[in-house]
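To start, the structure itself, in structure tokens.
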Amino acid sequence: MRTASLFSEMLQTITERGRRFLSFGAREDALDPMSVIAERCETLLSSRGEASGMALAKDILDRWRTFDIKSQQVFMRMLLARFGPKVERLETAIDAYRADQSPKALLELHVAAEPRRQELIRRLNLAPNGIATLVAMREALLRLKAKDPDLEAVDADFAHLFGSWFNRGFLVLRPINWSTPADILEKIIQYEAVHHIGGWDELRRRLAPEDRRCFAFFHPQLPDEPLIFVEVALTREMPARIDDLLREDREPVPANEATTAVFYSISNCQEGLRGISFGNFLIKQVVEDLRRDLSRLDIFVTLSPVPGFADWLSRERRSEVSDVLSATDRTRLALLDEPDWADRPESLAEIQPAMTSAAAWYFLRARDAKGRIIDPVARFHLGNGARLERLDFLADRSPRAMRQAHGLMVNYLYKLDDIETNHEAFAGRNEVVTTPAIRRLVPAERGGRNLVPLAGGNPDEQGRQGKENRELSA
Amino acid sequence: MRTASLFSEMLQTITERGRRFLSFGAREDALDPMSVIAERCETLLSSRGEASGMALAKDILDRWRTFDIKSQQVFMRMLLARFGPKVERLETAIDAYRADQSPKALLELHVAAEPRRQELIRRLNLAPNGIATLVAMREALLRLKAKDPDLEAVDADFAHLFGSWFNRGFLVLRPINWSTPADILEKIIQYEAVHHIGGWDELRRRLAPEDRRCFAFFHPQLPDEPLIFVEVALTREMPARIDDLLREDREPVPANEATTAVFYSISNCQEGLRGISFGNFLIKQVVEDLRRDLSRLDIFVTLSPVPGFADWLSRERRSEVSDVLSATDRTRLALLDEPDWADRPESLAEIQPAMTSAAAWYFLRARDAKGRIIDPVARFHLGNGARLERLDFLADRSPRAMRQAHGLMVNYLYKLDDIETNHEAFAGRNEVVTTPAIRRLVPAERGGRNLVPLAGGNPDEQGRQGKENRELSA
Amino acid sequence: MRTASLFSEMLQTITERGRRFLSFGAREDALDPMSVIAERCETLLSSRGEASGMALAKDILDRWRTFDIKSQQVFMRMLLARFGPKVERLETAIDAYRADQSPKALLELHVAAEPRRQELIRRLNLAPNGIATLVAMREALLRLKAKDPDLEAVDADFAHLFGSWFNRGFLVLRPINWSTPADILEKIIQYEAVHHIGGWDELRRRLAPEDRRCFAFFHPQLPDEPLIFVEVALTREMPARIDDLLREDREPVPANEATTAVFYSISNCQEGLRGISFGNFLIKQVVEDLRRDLSRLDIFVTLSPVPGFADWLSRERRSEVSDVLSATDRTRLALLDEPDWADRPESLAEIQPAMTSAAAWYFLRARDAKGRIIDPVARFHLGNGARLERLDFLADRSPRAMRQAHGLMVNYLYKLDDIETNHEAFAGRNEVVTTPAIRRLVPAERGGRNLVPLAGGNPDEQGRQGKENRELSA
Amino acid sequence: MRTASLFSEMLQTITERGRRFLSFGAREDALDPMSVIAERCETLLSSRGEASGMALAKDILDRWRTFDIKSQQVFMRMLLARFGPKVERLETAIDAYRADQSPKALLELHVAAEPRRQELIRRLNLAPNGIATLVAMREALLRLKAKDPDLEAVDADFAHLFGSWFNRGFLVLRPINWSTPADILEKIIQYEAVHHIGGWDELRRRLAPEDRRCFAFFHPQLPDEPLIFVEVALTREMPARIDDLLREDREPVPANEATTAVFYSISNCQEGLRGISFGNFLIKQVVEDLRRDLSRLDIFVTLSPVPGFADWLSRERRSEVSDVLSATDRTRLALLDEPDWADRPESLAEIQPAMTSAAAWYFLRARDAKGRIIDPVARFHLGNGARLERLDFLADRSPRAMRQAHGLMVNYLYKLDDIETNHEAFAGRNEVVTTPAIRRLVPAERGGRNLVPLAGGNPDEQGRQGKENRELSA
């Protein structure tokens, strides 16, 4: 504690001192703030930046933090316009490369094509706590980019550097439990994106019992900020309903009697790191970690939402011709329109077979315009090498789950020895690995629309999409 | 200890498991090793690399470690030939850019120009302890590059990534003292590049007394490997001889009576990080750290070698016409040719004025072909904003110092409030900031050769050169 | 985390293994549990206890934990009856001492008089986490002792050992803040004994703002169990109402602008450590700690309850003759009998002078049967060397404070340079150090009853009483 | 590092401040130092000691540190004379106890018999780093006691408190290896008492190779001071010569191939803790620790010196009648008188059978005046429950081993499942557990002198003696 605060105080001193050299007096203050900050960025990139980089970087980030959204956009467009590659040098490099495709010419071309923004961002990282502000800066940038697509080029520079900085090799896996510092736990409450945590008592129920585990990735320079975390329940069998895991009055399973580890929630924490992938490493490392501690564990499985199901089903029901739904199915599924269907046993008996059959199709046959499996959570887990293991009817009665998936959840199974093969099948051949039972649920084909293309979609595309999901899973 | 070893054991398990998927049976073993490793690199870059990246990366690095120098070169040339940019995509990108210089086209050009090696190196970092092997790999590469300049393009990719990964913002300053772990201290003995440390007893004399300090930068992922360190002596005055600091029988100064901190040795530790600059940050941060702990300290100064002096002086003495040396000087300096000159008081009386006068010229007037100040240590400290404070005649009688500088040392003064201005003068105008006393030592000009050009050399060039010195200083 | 759990697992293994030797088969299980545990205690004290002490100790503590209150009492009486000193040896030692009062005879007398319980308790501490169970054991013992005064002798042995083990020299002061582990914070909520903490949000308001501090003493062997903690508010002036410190909507004071540190709550945490004193060290060390971090701080003061005031005042009001209360006072104080007096401005104007005058008497003149100042919190702070600084009328409107003290609170001032003198005055001469303003409030004497005796009470007695207060203050 | 130094600085401030109150001006300095320190001790014990205990304690310990040996003795005698029990209170307590042997009277007798020194020592522990000085103080006391047996009573008080403070339950086992801080390793070199460590290179050979381990117990308040440590070699078989373990050019055994852990050196570090036993816990805990990490290990054995053997053998050889030595034995053993016997193969062939036979007698039959096994190392390991496993002829050719034991060493086997039974046999029945092979070496009895008494020695006595050995083993 104290050490940390001394240290940050010391950094403060260094940067304060450096700052004095940066004040150009009243004249500058007369300038508009954007000219000033642009000038500072130029200075930071100059040789002078080497001598007082920390102070300059801090000054720039401090100014940024005072910007409203309008100024943020002006700043980002300034980065776009002013800190791209040096055009002249780039033109010369292209000419040289076209004249002689030597390694040297290629290298120069690569160097010349690098936007000056990249070195600028690297130097901004010199400021005390620079990385935290840079992540926040990109969060703002992502919002701006949604309306101003030109900023894609600026975002690409942030993403490029974050890809290096948050490389899995630099991340640290740490358990999150009831003896974790409160400021980190507070963030777990805030970032949980799958099954809402209502407060500290509920958090305690997710962390403290002996049949609960939680793990997060951290970056050494952001020791109080989880990047992504997964919540795990230890059980005696693969669960079919989220309530079995989360209800208040359940009896904890003695940890050494558990055979099954259930990943029931995975949440990304940093919007500013969107697209920087570490989720797949997380699950695998946690599996190994758990196996080590608890040798009786041998089933590793998720209990996951199906966020795209209700929309898709609704489209199918509205569609006049559907390969998916028979007339009977349509009749049965019409019962879903009654608001209290989930509480009527007689409706459930009708709905269940129709819905699970449709769900099997949703996973095994239905594809989006890019030829990809529709469900983003499915893309994540299947892309990681998991197997679609079971469809769980009416497994989550929370309003969100009812709205997104009529309460449907599924289990994905992580079997370490099969992960590689499963991944190959999915990434390489666009095949969904599943069980015979689920396969049998797929209705016999009624036509040719929307079948799984043999050649598969573009798996690269899939990977990218998967990464961009804030609520990854489970 | 235990945690660390458990953790690495766990990583081992993960990668072992992954490895099984990588064995393609006897067929592959028949292939030559270079084809195999090249294939692995391709796989690591493919989507499959995402699923079993850790195992693949470990496999490749393990293979690398078995390579002799010949295989290392073949491997590096393979990276050069096979993992550059995708030429087709690059050509398309150039065409598109020439057609329309939009941000989007620029971005695509930049992406297309990036060698595939960069992503490959990023993924190799997934292996347990990957970063340590990658640093060692570049150390080998630097040796190879000396004979095979084409490898510059490969080295540029390593240097680029290391520049991001070892960004000052990610480094941690830690004191090195007598309660530092022995495995780290052992490296201090080994890496000390300025004043040789003869063994543990001598190391103890450099670290344990209350008037000694030492600090090093570390990277969080290499917690046992100092990257650069500086040794400091606390004194009551600016020292004129290294022996005053290092002799065995000296009396330690009570730390709270010290007014002066002397940086008497700075050593880079990792040859594989050559050119990745953090030395300038080190000194400034240590100055702040010391001020905090010891409020009476107000002079921060080096006692530094002058490694280029003897060579330069010898050239001047050989040169028929010299602006530097008068006839008297030449006669006096001829005494240096007697092997025991340093022990003859009457010789010293003759030599001293001639040598210090020449040394003043060496620092203030003499320049190399690129217009830079000749001495690399001077470039480092002046580039950091220090002032050339004093010339110390016969300050180091060690064989190396006698050979390189006829025993001459100098003090550079770090005055925090002047650092910025000094740096500007040196970096911007190629001016050496020094004292009137030293300035007066420069002989009246005798001709026009070799004077400091008004416009200065190329300061960028200087910066780069400074960084490449393994024995930075002090 | 992991290390800790491995370690405890290992201890488990050791003790499990030892345990096997302890099972005497079915025969023993037929015995009543008290005979078994008594036998185990004998074995633990024997030479055999040295070989398998950990297992034996664990076994005994495990059995203890299953005991209901009845069995607990039987166990404690067994310790009383069976594990006192060896009577024969004691008799011999007494005879020898009476014959020759040599150091050797005295030593033997001391050794012989030591109950065997003490060594037994020391050996029970060998069990994994033994100390935690022993503290809990004494908590139970204190409850039993209240009804069974013979157990005092057993309690004395626990208290004796705890006095050695929890010696201030072994305790560690640690800051408690919002990055403290949740399991410790949970205990802060639970143990807070002065101003109730309603939940995590309220806890956060007490710890996270920059003008809040909290510190606790810990024992190295109980790293998750605070022993005593103090809550501090940084302010710009000495507060007159608790609400100024605790209300939700207050504006935090920038830490570096604060001049005053207010100790507004001190709570002991471990009932089982009752009478083991460390509260006085806590405040002094926190004062030094705060001064170091925040150099502008120069006033250290409490805002403390007056738990004995209402009872005393009620007795005085009921008493027919009182030196304290004039007729006017009685009339005015009668307004206190109206339930809503605190909300009636006109009543307040009447009550305030009468009440503060009575309060001044309560502190400066009133004494209990032992001649001690009546208020336990006053005894604690005055005994620590603080000065009674101000009476704060209607400073705490919580039901408890209204009931115990008609809302009265007081400030005690800790002025480091006066602590020693103040302590001397109080401990040595039974004088209450206070301000002239408070002194003036004491009504002119109306009689001779209950005046402060010149010779003072028994200060040892005071010390002892002070320590026994669970809710020490502030 | 920094935190620690800040903390000790803070303690410094507290105690400095307290100190001011302690200066009674010039008058006191005129007094002789012993009167002053005695007065301070009285004050520390008074109620005033509670308010400024830290400052007083520091003052007393500071004064003590300036004492020469003469003053130390005067001080200790002062403690003896002045800080024993309060005689009057003790007399009263004895009378009361004789009148009524109630628990209350017993308790008061115990309290009254406790020397005031004990509370004094407890309060001295309040000084910063008090425990370290107290341990040093007892080291001096032990030296004084050797000449001044009356001080036994003072030593008993130190020993009593150290027994509580250094209770095994408070100690921490930590591995010592090549990443242990140098200041601790330096102490390992210094404290090694069995096989001398020549310097850092030799230390590295004992710690760094993968087949070496070392563990030490630490007290939380003395984090840089090992209390006792054991050095372990991992091997493929039980070693017969120390050189097999320690010679420079040996080939390390891969740790996961080792089947045997050899404890080849155990050293106590703190002379001031003599008689405070933790050695037996050390070995058992290390055994468990090693088993955990290295599952193939299943033999745990020592290679131990036999320090009493040569003396005993010499006495037997000089004795005219010996049950032990036959005439042939005597002739053969006469060869030991030749200085170079160990290098003469023909002598060895003669000597070996005679010596091992005598050694078997030494262990199995020979007893000292108290009826105990003679060898202190044997007492330690057999008392811990080990078995005498093998006699190793000419196993250590170092001068010390040749002088003490004619080069003989032995192996003691720690078999966890037998430890309890072995301990029972030795401690309860004075039986040495060994192998049939060793048993067979004992010569047929030739008389009755010196046989193992059936009733055994006093096992309590043995325990005590064992503890007092500084060089415990191995």
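The letters A, B, C and D name the chains in turn, as written, and every chain counts its residues from 1.
Methods note: contacts are C-beta pairs under 8 Å (C-beta built on N, C-alpha and C of every residue); 3 or more make two chains touch, one makes a residue touch a chain.
By chain, UniProt protein names: A, B, C, D = Malonyl-CoA decarboxylase.
Bear in mind that the values here come from a model prediction, so they are computed numbers and not experimental data.
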item: Cα superposition angle of chain A (Malonyl-CoA decarboxylase) on its copy chain D (Malonyl-CoA decarboxylase), in degrees to the nearest 5; value: 180
item: Chain whose average C-alpha position is farthest from chain C (Malonyl-CoA decarboxylase)'s own; value: B
item: Equivalent interface positions on chain C (Malonyl-CoA decarboxylase) and chain D (Malonyl-CoA decarboxylase), same or different at half; value: same
item: Distance from the mean Cα position of chain C (Malonyl-CoA decarboxylase) to that of chain B (Malonyl-CoA decarboxylase), given in whole angstrom; value: 59
item: Chain C (Malonyl-CoA decarboxylase) and chain D (Malonyl-CoA decarboxylase), separation of their C-alpha mean positions in angstrom; value: 39
item: Distance from chain D (Malonyl-CoA decarboxylase) to chain B (Malonyl-CoA decarboxylase) - Cα centre to Cα centre, in angstrom; value: 50
item: Junction residues of chain D (Malonyl-CoA decarboxylase) - those touching two or more other chains; value: 2, 6
item: Complex contact set, residues of chain B (Malonyl-CoA decarboxylase) against chain A (Malonyl-CoA decarboxylase); value: 6, 10, 13-14, 17-18, 20-21, 47-48, 50-54, 80, 84-85, 87, 90, 94, 97-98, 101, 103-104, 106-107, 109-111, 113-115, 122, 125-127, 130-131, 150, 152-153, 156, 161, 163-165, 167-170, 220-221, 277, 280-281, 284-285, 288-289, 292, 383-385, 416-417, 419-421, 423-424, 427-428, 459-460, 463
item: Footprint of chain D (Malonyl-CoA decarboxylase) on chain B (Malonyl-CoA decarboxylase) - complex, ascending; value: 1-2, 5, 175, 177-186, 199-200, 204, 208, 224, 293
